[in-house]
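Chain IDs A, B, C and D follow the sequence of writing; residue 1 opens each chain.
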Amino acid sequence: MYPVPPTFNKMDSGASVVDRKGTVMLKFMPSIGPRKYDSERKQLFALSANEVGCLVSLGSDESCEFFHDPSLKSSLEGQVKKTLAITPLTDGSGYMFHLSVMNSQLKTNERVSIPVTKAEFAVIRSAFTFALPHLLGWDRMILPQFEGSSSPA
Amino acid sequence: MYPVPPTFNKMDSGASVVDRKGTVMLKFMPSIGPRKYDSERKQLFALSANEVGCLVSLGSDESCEFFHDPSLKSSLEGQVKKTLAITPLTDGSGYMFHLSVMNSQLKTNERVSIPVTKAEFAVIRSAFTFALPHLLGWDRMILPQFEGSSSPA
Amino acid sequence: MYPVPPTFNKMDSGASVVDRKGTVMLKFMPSIGPRKYDSERKQLFALSANEVGCLVSLGSDESCEFFHDPSLKSSLEGQVKKTLAITPLTDGSGYMFHLSVMNSQLKTNERVSIPVTKAEFAVIRSAFTFALPHLLGWDRMILPQFEGSSSPA
Amino acid sequence: MYPVPPTFNKMDSGASVVDRKGTVMLKFMPSIGPRKYDSERKQLFALSANEVGCLVSLGSDESCEFFHDPSLKSSLEGQVKKTLAITPLTDGSGYMFHLSVMNSQLKTNERVSIPVTKAEFAVIRSAFTFALPHLLGWDRMILPQFEGSSSPA
């Protein structure tokens, strides 16, 4: 009954190679007790810059949904379908994050739902807004002076 | 009658160890005259990232309240109860910050109330929004180039 | 029928010389197939700080329009007229970017129109807001400590 | 008839000494022709952090007014009175900045009025929001790693 709060890791694989943009990695773990989570059943969901932008601009009564295939363009394409849906709570106190991971070969369908309060969403929005220009590599492009400072004689 | 404006210190103990998030420390001092404050009776209140997020997203007619026990999970748990309440001023010109520190052993109850204008709250919101990604350690994670610049050969 | 998403480059020629402000360069390429663009017919449009500010503050039902002459104050003044118009989509799902480049000597008029979703515009707004103080050179002025770090003994 | 656009300089005297906060300096020059300004009659107005916060949070139909005495707490106190008033344009297209500098000894009263478009105000708001945490010195407090990077062995 108690929620699994999302914990955040961030991949920045695109920072120095601009045509591969960075992502924000969301980690979801099922709750197995008060403040205990089942890390073996954790699920990852890598938000793209546009998906981060969607969350950042989400109105208080709006929802959004993202579909990912972790094996896109490989022989396993279509085997796993990840869906992340964010819907507003009916009492206006925040959002519900629904993650669904369907594996058609293993015939499994993991689901995790996490309520996120307005305050938690403000933290997420602030962190995401901070991250966006970095995901695009703009911090590198506009601050060339940092390049110099990293190679003292 | 004149308010004690909050002065800000910041603990950043979580910056390099991500699982201990940073906080924003609020310092409250009772006024003992025009622009003079009683520093011996100062009270501290360490806002967590989520509490900072709550303040940042506070609507102009919304209020919020935080409860802290500085001795949580120690033998002194429950002895001191700190409450910080932020409520909108009725004329819409800002907020009132109410801090209450109850010590059940000393049987004391210190109270400080500080009006904060809309302009001051804009400064607070701007500084808090700036601080949030740093409290989570995202600046470290997304800017690995700084790591390099701090250890020249 | 599929849009040509704008890709972004940034000129920061004004960063160290404050009276020549930076710009944000928009690159438009006609689509010649799914995810293939005609880079030989690409068009550039350099947004000034005020134009970036206009986009950042654009309401969801507002539009704006910019006129550029790349040869301003040269003998070729008036030969090429670039117009960038941003108009809201009627269903409120985002904006349409219309670029028109008229060359009176070659008697050509290239046009590119790109729909930009609300999420994509949030990415643009976030990146532009991040960039604005840097376009003005404020990062240099307010962070003199970086100067020091770039010249270790 | 044409406006004198404000140009911005920034004093950062408070960056390393936190109890003297930084300011944002506004420079006003009367127009003496198209894009020509009378630099000998320029007027400066140093906005405090709270005044910057007031501008940043200014609603589109709100106004604000600041009073400065550059000789406060000196023998010349009261001789010069500077007033900066920002009022919304009636057509909602931006704001008017009115600066008045009264010198009771010289019996002069210089006045400059500058219309600022919504786009220009967005640039100002973005730059001011960027500057605010720096004016308070929070960048120093929350980024101690920069200290280290400035003193390589």
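Everything below uses one rule, namely that a contact is a pair of C-beta atoms (placed from the backbone, for glycine too) under 8 Å apart; a residue touches a chain by one contact, two chains touch by 3 or more.
Keep in mind it's a predicted model, so treat the numbers as computed, not measured.
Student: Give the rotation angle, in degrees and rounded to the nearest 5, that superposes the C-alpha atoms of chain B onto those of its identical copy chain D.
Tutor: It is a rotation of 90 degrees, to the nearest 5.
Student: Counting residue numbers used by both copies over all numbers at the interface, does the chain A-chain C contact come out same (over half shared) or different (under half)?
Tutor: different
Student: Can you name the chain that lies farthest from chain D, using the mean of each chain's Cα atoms as its centre?
Tutor: Following the centroid criterion, the farthest chain would be A.
Student: Taking each chain's centre as the mean of its CA atoms, how far is chain A from chain C in angstrom?
Tutor: Between these chains, centre-to-centre, one finds 28 Å.
Student: Taking the mean of the C-alpha atoms as each chain's centre, how many Å separate chain B from chain C?
Tutor: Result: the chain centres lie 40 Å from each other.
Student: Can you list every residue of chain A that touches 2 or more other chains, as numbers and ranges?
Tutor: Counting only residues that touch two or more other chains, chain A contributes 139, 146, 149, 152.
Student: Which word fits how the chains touch one another: line, ring, star, complete or other?
Tutor: Looks like a ring, each chain touching just two neighbours.
Student: What are the touching chain pairs in this one?
Tutor: The complete list of chain pairs in contact reads A-B, A-C, B-D, C-D.
Student: Hey, which residues of chain A end up touching chain B in the complex?
Tutor: Going through chain A, the ones touching chain B are 8-10, 12, 15, 22, 117-123, 125-127, 130-131, 134, 139-140, 146, 149-152.
Student: Which residues of chain D touch chain B once you look at their complex with the stated criterion?
Tutor: Where chain D meets chain B, its residues are 49-54, 56-57, 64, 129, 132-133, 136, 138-139, 141-146, 148-149, 152-153.
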